[in-house]
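Here the structure is laid out as structure tokens; the discussion comes afterwards.
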Amino acid sequence: MAVELDPPPSVAELAERTATFVRDVVVPVEERSGGVAPDDAVRRDLQAAARAAGVFAPHVSAEFGGHGLDMRDRAVVFEEAGWSLFGPLACNIAAPDEGNMHLLEAVATAEQKERYLRPLAAGDLRSCFAMTEPAPGAGSDPAALITRAERVPGGWRIDGRKWFTTGADGAGFAICMARTSGAPGDRGGATMFLVDAANPGMRVLRHIETLDESLSGGHAEVAFDDCRVRADDVLGAVDEGYRYAQVRLDPARLTHCMRWLGLARRAQHIAVRRAAERELFGSTLADLGMAQAMIADNEIDIAASRGLIRQACWELDRGQPAAQSAAMAKVFTAEAVWRVVDRSLQLCGALGVSGDVLLGRFLREVRPFRIYDGPSETHRWAIAKRVVKAARR
Amino acid sequence: MAVELDPPPSVAELAERTATFVRDVVVPVEERSGGVAPDDAVRRDLQAAARAAGVFAPHVSAEFGGHGLDMRDRAVVFEEAGWSLFGPLACNIAAPDEGNMHLLEAVATAEQKERYLRPLAAGDLRSCFAMTEPAPGAGSDPAALITRAERVPGGWRIDGRKWFTTGADGAGFAICMARTSGAPGDRGGATMFLVDAANPGMRVLRHIETLDESLSGGHAEVAFDDCRVRADDVLGAVDEGYRYAQVRLDPARLTHCMRWLGLARRAQHIAVRRAAERELFGSTLADLGMAQAMIADNEIDIAASRGLIRQACWELDRGQPAAQSAAMAKVFTAEAVWRVVDRSLQLCGALGVSGDVLLGRFLREVRPFRIYDGPSETHRWAIAKRVVKAARR
Amino acid sequence: MAVELDPPPSVAELAERTATFVRDVVVPVEERSGGVAPDDAVRRDLQAAARAAGVFAPHVSAEFGGHGLDMRDRAVVFEEAGWSLFGPLACNIAAPDEGNMHLLEAVATAEQKERYLRPLAAGDLRSCFAMTEPAPGAGSDPAALITRAERVPGGWRIDGRKWFTTGADGAGFAICMARTSGAPGDRGGATMFLVDAANPGMRVLRHIETLDESLSGGHAEVAFDDCRVRADDVLGAVDEGYRYAQVRLDPARLTHCMRWLGLARRAQHIAVRRAAERELFGSTLADLGMAQAMIADNEIDIAASRGLIRQACWELDRGQPAAQSAAMAKVFTAEAVWRVVDRSLQLCGALGVSGDVLLGRFLREVRPFRIYDGPSETHRWAIAKRVVKAARR
Amino acid sequence: MAVELDPPPSVAELAERTATFVRDVVVPVEERSGGVAPDDAVRRDLQAAARAAGVFAPHVSAEFGGHGLDMRDRAVVFEEAGWSLFGPLACNIAAPDEGNMHLLEAVATAEQKERYLRPLAAGDLRSCFAMTEPAPGAGSDPAALITRAERVPGGWRIDGRKWFTTGADGAGFAICMARTSGAPGDRGGATMFLVDAANPGMRVLRHIETLDESLSGGHAEVAFDDCRVRADDVLGAVDEGYRYAQVRLDPARLTHCMRWLGLARRAQHIAVRRAAERELFGSTLADLGMAQAMIADNEIDIAASRGLIRQACWELDRGQPAAQSAAMAKVFTAEAVWRVVDRSLQLCGALGVSGDVLLGRFLREVRPFRIYDGPSETHRWAIAKRVVKAARR
């Protein structure tokens, strides 16, 4: 079979429907709120509207109410949802819920799926993924994991401190990564646990104030103190947490890229419309060479990101190891999206830094993506190591 | 006389005193507030402390209570004040007051000085500079000025709309730039007017919500409707406004650079301290090559900015035309400071985007400087035009 | 049909065979010569070897001895050929011959094909494409075309001056673009002519000394003085030259990208091998963070270029207008390849600038690609114009 | 004393004289030769002309025929000499002779000065500095020094291999750095030796073919085999070679910067003149925004380099430790000069890569400066280490 870059017609149609829905229904809500995460009532309204429009939870299998999109299909649809900061939330494909659904479908038992995946896919609750820890714990280096889980009669006791646990406040449950063997610094020895929000051993200590503010439930600092869970709450097998993290991480990295790429296109859209209208020095801004250079570079950055995302998705869909491609897509897209938003803001001048357009908000939201899910530097290090290792063979 | 790069000992001593004052007194206040502009009571307390420390209004002549620093001396002292977002406010050298004092000393009548400069230099009131207009008015292209002033018996009537009038809310007076002859697009034909805050013809319509939030009085949209001023309220000569704007703009551009350069050094300080402590992958962050590259590039950006600022200051102090040097210093420093803060934040990882350090705030504050006081693109255009013009001769 | 990024197995196999051939047969010849264009005897030897290896003229249709690759297939195979500066020559897919074959297959009459395409596809002769003129003629702005062709009894008379006519010296024929109606600056009005090398009206005036030196026949300045051609030597229709140029240009842009991408991979290969071996400061160069950043950025630049090339190829193969995609691929790849070679050279230190490796030669060869086939700036201008035009609709 | 950026009038006058001499006398010779190092007869003619013009060996003390310029003064004069690739040679301030004169004046005995410095300062002979070794010897890491000198009756025996020994072919003598105690990897333990060209133990093995070709005597690989020198041929004290290297290196780094900065100005001069004349798309190239951005960035890069050089010179002249400032000036200038030449070439389009202007040659000449005298990465590493060390105190 030859190279083929068009998505299947059904997916193209879903993408277009998503685009229309986001522009017509979601953007007005986002603009009214200035892009700060809406409260839960607004979330439920938006999700009801998405369900009515047939653009809800498209990545989940049909069994759980979705369209069963593979990664290549998601690339097309998620980009359209990302046009608005609230588009992914409306379509129930926002981080971290989207990645958690992916993980649960791949790893959870039937019972766990009914209990957690079904309501999550339906939008009845939100979730969080408690992995990152304050220094010197798990962060750029996941092996530094400190949080421990000890066997106790009938299950486990988890103790530790997490932070940047996105969406923790108001989540129905957490997937918590804890060390079940070895010591901080060891590779391996982690296990994933499903922890119900009602569990008194898990507490949200604070919302960490961050540059970005658009994700529901914020970024929280979470304490696990004498947190008891049943043996049945282990997600997958004991000591296999890092392997599952990998199952989640590469796709999650890419879906982040897809969503932010949509936002980059939105920023470019705002800037180009402005440049086409703004009169300056006797012409329009869009006729001035330096503005044209910025517009062109935005367009190139967007197209190049898309190509890298597609390649990594394709490898994942084929079951190939895609860590290298996903890392390259992540580094490039995170930096490209940042450049696109920055240039778009610059193109709009003083208007760009004002709240009259959302570009300042976008700049705040996309900046952390160069750090979240692995800083660019950590990915570059990993990319280079793989290249050198291959060269040494 | 040979090249000599040390400031006079008295200035070096003042700079050191300023540095100590800012670290000991101002930074704690800034950190408590998260860097958002303090209310007027806090401003008065900080300024009283600066006065007590002998570091208040250093740029004003002794007659008005200052140290009479020339531009080269300001470069040394203002950089130290800029270490904190509130340092310039405390020392009464924040924009736009500092530039207005400079302008009033150069252009105002003795009576105007007593009425406006003396209380401004003493910190008894704040001021604003109403020049920028919403598109298609004066902005990147100052000649697009729309606001008009018409002669009426006993004085003038001003009508127009300004925006991004920094500090307008709560200011004791405004310097308003209005067209007194010609039409929008004409070079020349503008006049500066002193407008008392009590004047019913001047109204603050709104605070423009902006990415930056550290300047007192915010960025306002201001209406001048049938605003009557006396003939004595003309600042300098009628129709000479653009010339005075130049008197104000080149130095103001440079003092902006000096202040932001101080903040860049602070960002680097935070990041380097963090890198020196943070353990990662078995060493400290400061031992990793990619972190070292960022630290070195910060250091170089800071040093290169300082060199460009110094050159432009020296030309201004010698009475030479310094528009080219000032424009180069502005473009480079605005972009360098941005890079430094961005790298510093990256070096701090997730901590960097959190409110636990102020780097996210710094990023928001310095971004607009690539637009305020002329976008980088406008300056590049002007720089190139001068180079080409010289080559054609 | 879903997105599919693997080439057909037969193409993958051809690509692999090409890679082996280039590494085993071509690279030794290139390294001996330092990468400077070989003489015609060497060309013929290399091409005979390629024919024997079954990797000759793969893009031409079977009728003319090739494999009839579409653009997507070429992307895979040409990249392998580009691994060596002489790979494309050996495989008879070097510029400008490759583009001329493409054009002749699309536009020429059966008789013209027999006369020019068949021997060209067989490697019996080389060709050139005489379009670019010295300033103020056709260059970044093709409409500035000055060279004129006037009807004379039985044919045409061409008069004008061309430069940067690649491969002109020793070419068997030229395709010459001349104005047949309108005046310089008019869009339209050009015609393509087939001019035999034996024609006394066409003379190579000089080899222009250039930074790059690897293309056979050099870059020549060519004079057309009272150059008589037959009516049958018109290629395609009169006054349709710009349309045919477009037929040639977008694919030619992309095949340039494919070839240079192969060379970028080679540069990375040399640098990584060196970094893996070189001991420095107690570790290998490949263990140092700044080196890793360069290696990773090379890898990302290569992958991103490939994605953009593939997208444009796909659009061309589908018969869609691909000017925008081709322009984006060209700008990005030309600059990415340049960065990759520059970083690779830097990774090799003093060795990198020495003739002991070919990186200095590669740097010289790839630099002009940011100018040839349209400078990056011209393409950015065109890209932005299309974006703005679409936004205005 | 206040900050003062003008050089003394006598130096300004010397700089202007140098500029005139280079433009009128040196540039024509350089353009005729294409910038490739001239033979010794041409060198002698150019130097005679420089002597006649009073612009010869200006950095040497009056005792040896010069003007005794300090580093700040050299910054002004050398930049003018650097306008042409051959300017420094003509003025006898080219590498490595200029740095060797500096070193000999600082360290040599009276007898050594008469024997080597006097004829060198007079242009009667050239010299070389044999320090860099092929991997794994001394290079980015000077402590890796392998070449050994052993005490023998009446003197020393030197054995080892050097490469990139600039100017070795045809030099009258070499300053050779050899290990006299410790082992490769140890800091310290090196000694400098004066080796006469007539010494049979020193042989030029080959000219290393390099990207750059403008320096007299090329970059050579040199063998020291049983090379006997007298005890009096030790330069300075035994085992103090690294300290003297430092005496030479910081100034030499800066004088490199000064010379290349002059060449960057020349490149900008060529490009701007071209942009001012070239008609394109109905205006001149100099009126197009993207061209203006390049022209402005060139101007800024030049000015910023100058500021950094001046700062480091000033610290050296004051006897302060200037390693940090010199390293920052070196990294920034080497990369800035490269950018300036690259943009200038781009501004000239196809003409830029042709031999009709010298920009392709300049590109080749300046590229190695990002590697010679310490690669940018090594300097960034050293800069960061000093910053972190200071922060830890």
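Which chain is which? They are A, B, C and D, in the order written, and residues in each are numbered from 1.
Heads up, the rule we're going with is that a residue touches a chain if its C-beta (ideal position, glycine included) is under 8 Å from a C-beta of that chain, and two chains touch if they have at least 3 such contacts.
Keep in mind it's a predicted model, so treat the numbers as computed, not measured.
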{"item": "Neighbouring chains shared between chain A and chain B, ordered by label", "value": "C, D"}
{"item": "Chain of greatest Cα-centre distance to chain D", "value": "A"}
{"item": "Interchain centroid distance [CA atoms averaged], chain A/chain C, Å", "value": "41"}
{"item": "Cα-centroid distance, chain A relative to chain D, in whole angstrom", "value": "52"}
{"item": "Overlap residues in chain C, where contacts from two or more other chains coincide", "value": "288-293, 377, 380-381"}
{"item": "Parts of chain B lying in touch with chain A, wherever the complex brings them together", "value": "34, 132, 135-136, 139-141, 163-164, 185, 208-212, 219, 278-282, 288, 290-291, 345-346, 349-356, 360, 363-364, 367-368, 370-372, 375-377, 380-381"}
{"item": "Of chain C, residues touching chain A in the complex", "value": "1-8, 70, 72-73, 268-269, 272-273, 275-276, 286, 289, 291-293, 295-297, 299-300, 303-304, 306-308, 310-311, 313-314, 324-325, 328, 331-332, 377, 379-381, 383-385, 387-388, 391-392"}
{"item": "Chain B to chain C touching residues, read off their complex", "value": "288-293"}
